[in-house]
Amino acid sequence: MTANEAQTLFEQLATAFAEAEERLGSLDAAVGDGDHGVGMARGFAAAALAASQLPGDPDASEVVQVAGRALMSAIGGASGPLFATLFLEVGKALEGVDDPKPAVAAGLANAVERIQRLGKAAPGDKTMLDALVPAAEAFTATAGDLTSALLAAREAAQQGVEASAELPAKRGRARYVEGAGVGHPDPGAVSIALLFDTWSALHSATERES
Amino acid sequence: MKKLINRPEAMVDELIDGYLAAYGDYVGRLEGRRVVVRSTPKAEGKVGLAIGNGSGHEPIAVGWVGEGMLDANALGEVFTAPPPDLILDALRAADRGAGVVLLISQHAGDVMNGEIAVELARAEGLNVEPLLMYDDIASAPKGSEHERRGAPGTTFIYKIVGALAEEGASLGELTRLGKRVRDNTRTLAAAVAPGISPLTGEPMFSLPADEVFLGMGVHGEPGFRRLKVGPVDGIVTAMMDGLLEDLPFTEGDEVLAFVNGAGGTTLMELFIVYRAVAAVLEAQGIRAHRPLVGEYVTTQEMAGFSISLCRADDEMKRLWDAPVAVPFFHR
Amino acid sequence: MKKLINRPEAMVDELIDGYLAAYGDYVGRLEGRRVVVRSTPKAEGKVGLAIGNGSGHEPIAVGWVGEGMLDANALGEVFTAPPPDLILDALRAADRGAGVVLLISQHAGDVMNGEIAVELARAEGLNVEPLLMYDDIASAPKGSEHERRGAPGTTFIYKIVGALAEEGASLGELTRLGKRVRDNTRTLAAAVAPGISPLTGEPMFSLPADEVFLGMGVHGEPGFRRLKVGPVDGIVTAMMDGLLEDLPFTEGDEVLAFVNGAGGTTLMELFIVYRAVAAVLEAQGIRAHRPLVGEYVTTQEMAGFSISLCRADDEMKRLWDAPVAVPFFHR
Amino acid sequence: MTANEAQTLFEQLATAFAEAEERLGSLDAAVGDGDHGVGMARGFAAAALAASQLPGDPDASEVVQVAGRALMSAIGGASGPLFATLFLEVGKALEGVDDPKPAVAAGLANAVERIQRLGKAAPGDKTMLDALVPAAEAFTATAGDLTSALLAAREAAQQGVEASAELPAKRGRARYVEGAGVGHPDPGAVSIALLFDTWSALHSATERES
């Protein structure tokens, strides 16, 4: 993965989350406090800006890490630390590597571990982990290159979202809701799916072009 | 419904600016940052008190920065815990060389951003102790108190620990007292009508016109049990039953009692609610010490209220009564 | 919408009981009467301050009984001035041998019941002076100031005259100062959404979702001019234009500035409103002295706010700043 | 007029205003603050009680005055002093008279004068005076007995209400309303009409029976 591709990724994520703002907000309003959409949109706008403004000749690792730090200070709430951690870990894992596929796999694994430590949630608690964990696993389990791993992750995340809708929440604000949000997908999980969706689409297109 | 704002993105900065324009004698702002601090810092060598919290709940916590309560408040977006770097700024500002207690009202975002901020602060050599605050009996069963979320009963901690910090107590003494207050505090809330989210312009939840919803959270998170509206005495009695048996509070106890308005409920109603609270306490042989009735922790214009009780010993009572000089809490 | 009450007929008595249960350190009640008095009366020989007013506007006026403000408050039914005999009781209670100023917020009922009460009190030999308070520029044109109705700007009189009474001033000095404050005070209000009448359970008026109504009264009396909702800075600027040119307030003036919330508007919004008020004052070269922002004069959960300005001389500023010990107004 | 008839009058007024409570409340809500109905109902309930509990062997004058005092301390607001004054003046005028007709006429005239002094309003300001003044004038102008005078007053009061609906308010809360309440009848005027309606009906019935 090139620095350029990473910068484009954050641009596209900024667009995707700006477009999804209202939908994510409504999902969060149903089970939480309605700020997930505006927070993710704000966060990825800041991440794209930070990624594009990196001085010198950064590599992909630096771009992803600077975007992660921007997410950390621009989002806040529950999702700020969680989504920031995801990119910080992936970015760190990309440091000085040639083949991005195993690095991203390692980064995702570290992210899952750190996110679980931070939020004290487990898969099945109806959080973003219900999309992230299957996505990370599918990514790692894919034998092929980054393109096919991202396609697999995207697929798994989407299935995770659908499964999460049927779960009662055990973490996050939704756990306090009548019925613990059963029937509503978890907004953080939807964001994870959107993220892999955007990344996978971008990477496939980049591959086709090159 | 329309909100009296300019642009949603500017709400938090503009509320801080307006607050400072009105109450600049008490508070200032860290240049360019959403952190409100005392205009006159606490004396060197005393432990500081800081908190980060989402906006939209005013007067808490910004209205409690000042002598006798907080040293610094990091303000997140509406209903959104502030990020770690902003909380770190608040911790730095609150430090007078003797360390800082970071108060954290237990909600996922506040805890995570707070814990990262504590790590960052410690990496800089700041002596910071987090103090998790939780009191809402609707959010986890008895026995799992440590899983409960923060609710308006955290007010007892702000005031009491704030007063002890002013006296020069150590970080250890302050966190011990804070935990003692927390472990003796219980809160239960009732919603009557939703507030309007300033983010979406829409009601934050829906509730049939003839229902009261017990257990609502301070961000409008829906509750756990619906009651038909009836005379408020009946609603209060049901709530007091739950509260009293949870700690339990028993005959001979002395309590700090606090009826908080969620925003859209009138003071007239809050007084009528407190009348019923006082009647239950009296019937149970529990003495109320210096009660508090008013809007302190709001959820925009949500209609509803909460009842918080704290079993108080002499030290807690003395500190609850101690002087304070902030714009929105008084002695 | 549902109100958190028991029975409409009992609202006023129960709100008084609840208020006393919570704040009995400050206030007591005349046995069996809807009159709230200080728990510790003012020293003999000082002039008393009393007011009768309809309930439903809390914290005014019941929350302002105590040292540095009022001596006695007669509470009528919701939105209904109390009858003469109740005001007479308040006058008797407020008298410490040096006479009483009866504050009357100018509304037909308050004036008529108040004037009859003054007659009755004088017939008993009490030395009572009524002080008519009016400040709402929406209610009569410039030149007919004496026909205007009382609005939240009366707060300046309660506080300033209250502080001077505490210092032992004479009845004549107090009414003279009260008139000076009144004649330098102007208020304009804006409504955003109606409150619910606790009498009918219905909204007190109707207002399209995209309109703000200028000139609403403190009982929800509809206003005189509709604005489309837009950024609140524009609404405030339009209101400030009207206020500034009415007195007029001019460059070099010093003013007490007060943004009052009508009940359903959040403190967050009130701060954003005050930010705009401060900007206009600054642009005009008018200095704001010790501003006040919050809910003091409410109309149930009506959403909206008012802006009050009082051109203040040194004596007025000193008394505005003077200490006070009541549950709902602070220094 | 006997004491008994006066006591019955206040009982019937209590019933009439209890029944009219909601209607008067809505009228007041349209132009004022909505408390007129509940206030009048509370007032006449108290007046009927006080009138019925007078000890000894009271005359009509005493009954009407005691009811007036009860109205004064039970209603409050603008209408308390005004409606109380009406009965206090009529009651005083009835003191020691044989023929009630000229006494009531004098009482009504005094009441109109006192009410105008108290409220600083004039006919045409859209207040209860717009029903009371024509009623008092029609009462006085009627050559016949109390029965026909009350019938004339009732008629005039009703017309006054209708005329008041077309007026802009100059006194009372309605003056502050957009359009000053034009199109809405004044609630206090409606109460005056109800009062003469009730009184006239009672007196006609009493006459027929005797």
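A few comments on the model shown:
As written, the chain order gives the labels A, B, C and D, with residue 1 at the start of each chain.
Assume a contact is a pair of C-beta atoms (placed from the backbone, for glycine too) under 8 Å apart; a residue touches a chain by one contact, two chains touch by 3 or more.
For clarity, every value in this text was computed on a predicted model and none was experimentally measured.
Identification of common neighbours of subunit A and subunit C yields B. For this pair, subunit A with subunit B, the centres built from the Cα atoms lie 32 Å apart.
Averaging C-alpha coordinates per chain places the centre of subunit B 29 Å away from that of subunit C. With centres set at the average Cα position, the gap from subunit B to subunit D is 54 Å. Multi-chain contact residues of subunit B, defined as those touching 2 or more other chains: 78.
Viewed as a network of touching protein chains, the structure reduces to a simple linear path. Every pair of chains in contact is given here: A-B, B-C, C-D.
The touching residues of subunit B, counted against subunit A in their complex, run 8, 54, 76-86, 107-109, 112-113, 115-116, 138-139, 149, 197, 199-200, 202, 204, 215, 217, 219-224. Residues 1-7, 11, 14-19, 21-23, 25, 55-56, 58-59, 63, 78, 192-193, 198, 209-210, 212, 229, 231-233, 235, 259, 263-276, 278, 288, 290-295, 298, 300-301, 303, 305, 327-328, 330 of subunit C touch subunit B in their complex.
Interface residues of subunit D facing subunit C in the complex, by the touch rule stated above, are 25-26, 29, 32-35, 38-39, 42, 72-82, 118-119, 171-173, 175-178.
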